[in-house]
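Two complexes, one shared chain (chain A), two partners (chain B, chain C).
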Partner chain A sequence: MAVNPQQEEFRERAVVADTGAPGMSTAGAPVRQTSLWRDAWLRYRANKAAVIAAIFFIALVAYVIIVPFVSPYDPYAVDFSQAYAPVSLKHPLGCDQYGRDLFTRVALGGRVSIGIGFAATIAIMGIGIVYGSISGFIGGRLDNGMMRFLDALYGLPYLPFAIIVTQLFRTVNIWVMIIALTIASWFTAARVVRGQIISLKENDYVRAARAVGARWYRILGRHLLPNTLGVLIVFVFLELPGVILGEAFLSFIGLGINPPKASWGSLAQDGRDVYLAHPSMILIPSIAIAWLILSAFFIADGLRDALDPRTRET
Partner chain B sequence: MALLEVRDLRTYFKVREGDVRAVDGVSFEVEAGKTLSIVGESGCGKSVTALSIMGLIPKPPARIVSGSIRFDGEELTGLKESELENLRGRELAMIFQDPMTSLNPTLTIGTQITETLSRHLGMSRGEANKRAVELLEEVRIPRAKARLKDYPHRYSGGMRQRVMIAIALSCNPKLLIADEPTTALDVTVQAGILDLLEELRTEHQMAMILITHDMGVVAEAADDVVVMYAGQVVEQAGVLELFDNPEHPYTEALLGALPNLEGEGGREARLASIPGRPPDLLDPPPACRFAPRCPHANLGDYCTVEPPELRELRPGHWVRSAHPASERAAVAV
Partner chain C sequence: MTKFIIRRLLWTIPVLLLVILFTFLMMRQIKGNPFRKTERAVPAAIQANLDRKFHLKDPWYEQYANYVKGVFSFDLGPSLVLRNQSVNDIVKSHFPVSLELGAYAFIFAIIVGVPLGVLAALRANKPTDYIAMLVANAGFAVPSFLVATLLIYYFAVKWDVGVPTSGWTTWQSKILPSIALGFFPMAYFARLVRGTMLETLQQDYVRTARAKGLRRQRIVGLHVLRNSLIPVVTAAGPLLGAVITGSFIIETIFAIPGIGRYYVSSVSARDYSVTMGLTILYAVIVIFGNLFVDILYGFLDPRTREQRT
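What follows is the complex of A and B.
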């Protein structure tokens, strides 16, 4: 999970409460101040599904990062003596049709898939924040125009739109995939940010800031955007699965990452031809995708309840 | 020349049905170092007047249709937004009704105070922090230095209002507009905040516009009083004169609505109220706006046909009514 520096700062600020001498409260134990972020962390921790999902998520990310470094197998080296090797201690997930170790290749594919997922999500958030805050902050006719433009883009179907963008570039590589997926799916982020900005800018403290002469960039940067942080963190984990699924789909139908490069989509594509004889070849990357998407959704759910307790059902 | 001169100010809100005349021809002056109180019931245009002076009315839908606001010799109505921003917080400051929502929950109290200092006075971080501690001490926040690092949720309502006052005073403004500064607070806290405001006002030699609907607050803090009704000034006088000799039937009714613990009836008496409701400002009564609720206006009276002008009954005592108390008395005799 992305480390949030502000969160760290907040936690460090949790100081001994100011009743009595430092470190000595009436009950004997030092009372810790609860900050907003600490509260959120406590609420998140109380949500079992979210905690388990976070562990699964971190385990998967750790797997895809570490395994290619420590694996004894070259993920691209063909060894026909091991073709379709079954699951064994030497090959925990077996081998593919060229005798390449799947345990290593799935990790490698995971790097590509998760990497594209995060990069595209960050790009989506970046564009969404800029577009949405301009639209929401300035408002009026500009807002209206910008939102109608978004409505028009919304009409385009997601995957065909992404495919068209990839075809504008001659080759398809990781960067092209990131750009295509970003362009095809930044609209919702822009709308979410706009909605947040519009509701936040009616706050009294925004008026109070204006009353002491704060200029627009200060109001936007200091008073509005930091207050959208909770919603944006949740949104990252809601957006990530969609992007990863999009990438996997494009690679699966052969319009994304192509063999011998691995992504979860292209690994599933490899397994499609032999799914009757060797079902594990399509199942394993599919399970990896499902694993990531489900854990991301549960994390998002937990974060939403933790960061905005008002929406929680009791 | 007065510090602030508001002349015939008209601020309208555009809605689908037409223009809501929230402020409709308001004029008053605030002398340097004095407190002017604006009283009136909810929706009479007190706050919109204040926001118009600050240039903080929401545009659209609101707009200043006409009139002039001269502050320290400078006309504010035509100023560009950037020029107004330089004035706000530095020369003109404002505190709002609800201290619970007027501080940003994600920033420390210190950040929110130093923000203004570095914005207007160009102070460095260290200087601003030092000054912020002084300001917090000035508004009587105990252990100011430590509390600077706290987030607003650790402050009570009264303390937050003190912080708002500290922020407003940070650049030594010439005029402070306090929009119902004690309305959202406990009664016990109210008196403390009012005393503090009065003390700091004298110390900093500020002028103050105190907006309130509480006659008790007016009596305590004001030098001059403007009574507003339905977007207009209906009476203006010095505070003693107004309480001793209220002229406008509305002012009389407002004073009559104060709870009275002594005197005849005392605690058992029912609270007096003014019958009827304030007029719809989309389509206000054509003549005197108080006429539909006025006990002295009769159908066919000239005041239901022609709008009464603001006139000076006695030096410094202005009334907009066809039936001021002193003239009624004269007729009766």
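What follows is the complex of A and C.
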């Protein structure tokens, strides 16, 4: 992610391309300065799959945020006259075994699932940045020790580890899920950050900063961390699916979010018992999960190409 | 090479000790007193006996030392809930099932995933490629509980091709769970092989081989495929974790008597010694799985040996 000659070169190319675009250039007008982020945006926009994925992603997030506000149905109110109501105009996705509108409940579950996903991902990044920067920046013995510690944590498989952490608390709620999923999966983020810091540390501009007497926090905050940003943004979209799947799995086996609270995992668990008569009940939350994972995946792909042009050739 | 292997082997000892320590300390936090969970007052004398039997009053480091001793002599202690059953008994009777399931899942993943990736790479950006990648992406994104449910719905119920919906007895009963568990690794292998094949196809030595007039099958078989399969070996390590995670779900759905299902029920039943023992068993599998992959990788790609020692 370092600002390197290739990127500089690309910047110039992008400027030329910009001014060449119709409606953008008037003879003699000052050439518009394109920032690194504008470049990235232009590259991202050119990637059709990534743009479509982003639209799907935003649509899903908008759905889970908006629908519970505007829905006329109470997501917890039981109405047996509507139990397993089929798809209709009144109930776009039908109703569950208690006659609760699924369109509303899936949105509500999405709030929980996506909320847990984003919160845990941010926490993972936070811990990863702190741990990885300390390890990579200071280096030497400390780095070695910290990495061996990570090696040991890697020995613990994800789901059993998360389950044990949830058991440390009396009840399992959203916050416990966030904590458990974070603790069970922050190591990769720490490794990624450390790797970035170590490779960036050797750059000439860091040496120059050091030579003019910049303090460590300035080097770290001004030169190293901003340059890891691109990689970290990509990482968020790679990490999000894992966390959301983890939540779904935990809730599905009954060790996560429990009914009547809805999450995509617990909704799928509801549908699990009646899949023969009412397959849509397990199908719909699963499709929501797949929708989110696939769109996050293609967004990550597009972002990687956009933020790190060096990988574009392959 | 022997030095490399010995060093990696020795490294697993402190790692294992640390993993046991983490698990142990975490379990201690939740432990409290498992015998009071019924809210029924236990007579003081019996409580004292129980404390003595399970060493509950010893200082934690002595308990830890005891436990480590137990682990290294393959004794994981008694179950707290299932009377007269030790954790070893549970492992002995249920682990082979999980192992078999995991092995079949991996076999399915390799014999379907690798050819799918090869096909996609050889017909890159053509309909075959798109269909193969559609399957792979679906396997990547669709949660395994849906894969399992769909398999049961269509093959066991709707079309009824003679496979039961649950259990782990006849060979027919083993097909659907193995496919359901192997679906994600299959997708992973397919994507991975496609990526590395495309990369390898652009290498200079492939161009040379083509230039000197070698037949296409020979180039692909001899040069491209062999080099593209190395990442499959390395991916097998991390996938081990995914398969363990998946087995929780699959064993629950198909009612398979494996340790994944036991793990889940031991957590609900607060049978801490079983939870702890099985967690350590999983950790051992993951650690040795990764070790095996590292060593195999060292053989396959000599360049990595120098870096890692």
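Things worth noting here:
Convention: the second predicted complex is superposed on the first by the 283 of 314 C-alpha atoms of A that agree within 3 Å, B and C clash if a C-alpha of one lies under 4 Å from a C-alpha of the other, contacts with A are read in each partner's own complex, and residues count from 1 in each chain.
Simple rule for what comes next: a contact is a pair of C-beta atoms (placed from the backbone, for glycine too) under 8 Å apart; a residue touches a chain by one contact, two chains touch by 3 or more.
Keep in mind the model is a prediction, meaning the values are calculated, not measured.
Counting the residues of chain A that each partner touches, chain B and chain C differ, and the larger count belongs to C. In the superposed pair of complexes, A:I293 makes contact with chain C only, with no contact to chain B.
Judged by the touch definition given at the top, the superposed model places A:R222 against chain B, while chain C stays out of reach. Of the two partner chains placed around the shared chain by superposition, chain B is the only one that A:G140 touches, whereas chain C remains out of contact. After overlaying the two complexes on the shared chain, residue contacts for A:K90 are found with neither chain B nor chain C. In the superposition on chain A, A:F149 makes contact with chain C only, while chain B stays out of contact range.
In the superposition on chain A, A:Y275 contacts chain C only, with no contact to chain B. Of the two partner chains placed by the overlay, only chain B lies in contact with A:R210; chain C stays clear of it.
Contact residues of chain A toward chain C in the complex are 148-149, 151-161, 163-165, 167-168, 241, 245, 248-249, 252-255, 268, 272, 275-276, 279, 282-283, 286, 289-291, 293-294, 297, 314.
Residues of chain A touching chain B in their complex: 13, 18, 33, 35-36, 140, 203-205, 207-215, 218, 222-223, 226-227, 229. Taken in their complex, chain B has these residues touching chain A: 54, 56, 60, 82, 85-90, 93-94, 96, 98, 101-107, 115-116, 119-120, 143, 146, 149, 151, 153-154, 164, 167-168, 170. The touching residues of chain C, counted against chain A in their complex, run 11, 14-16, 18-19, 22-23, 26-27, 29-30, 137-138, 140-143, 145-146, 149, 152-153, 157, 198-199, 241, 244-245, 248-249, 252-253, 263-264, 267-268, 275, 278-279, 282-283, 285-287, 290.
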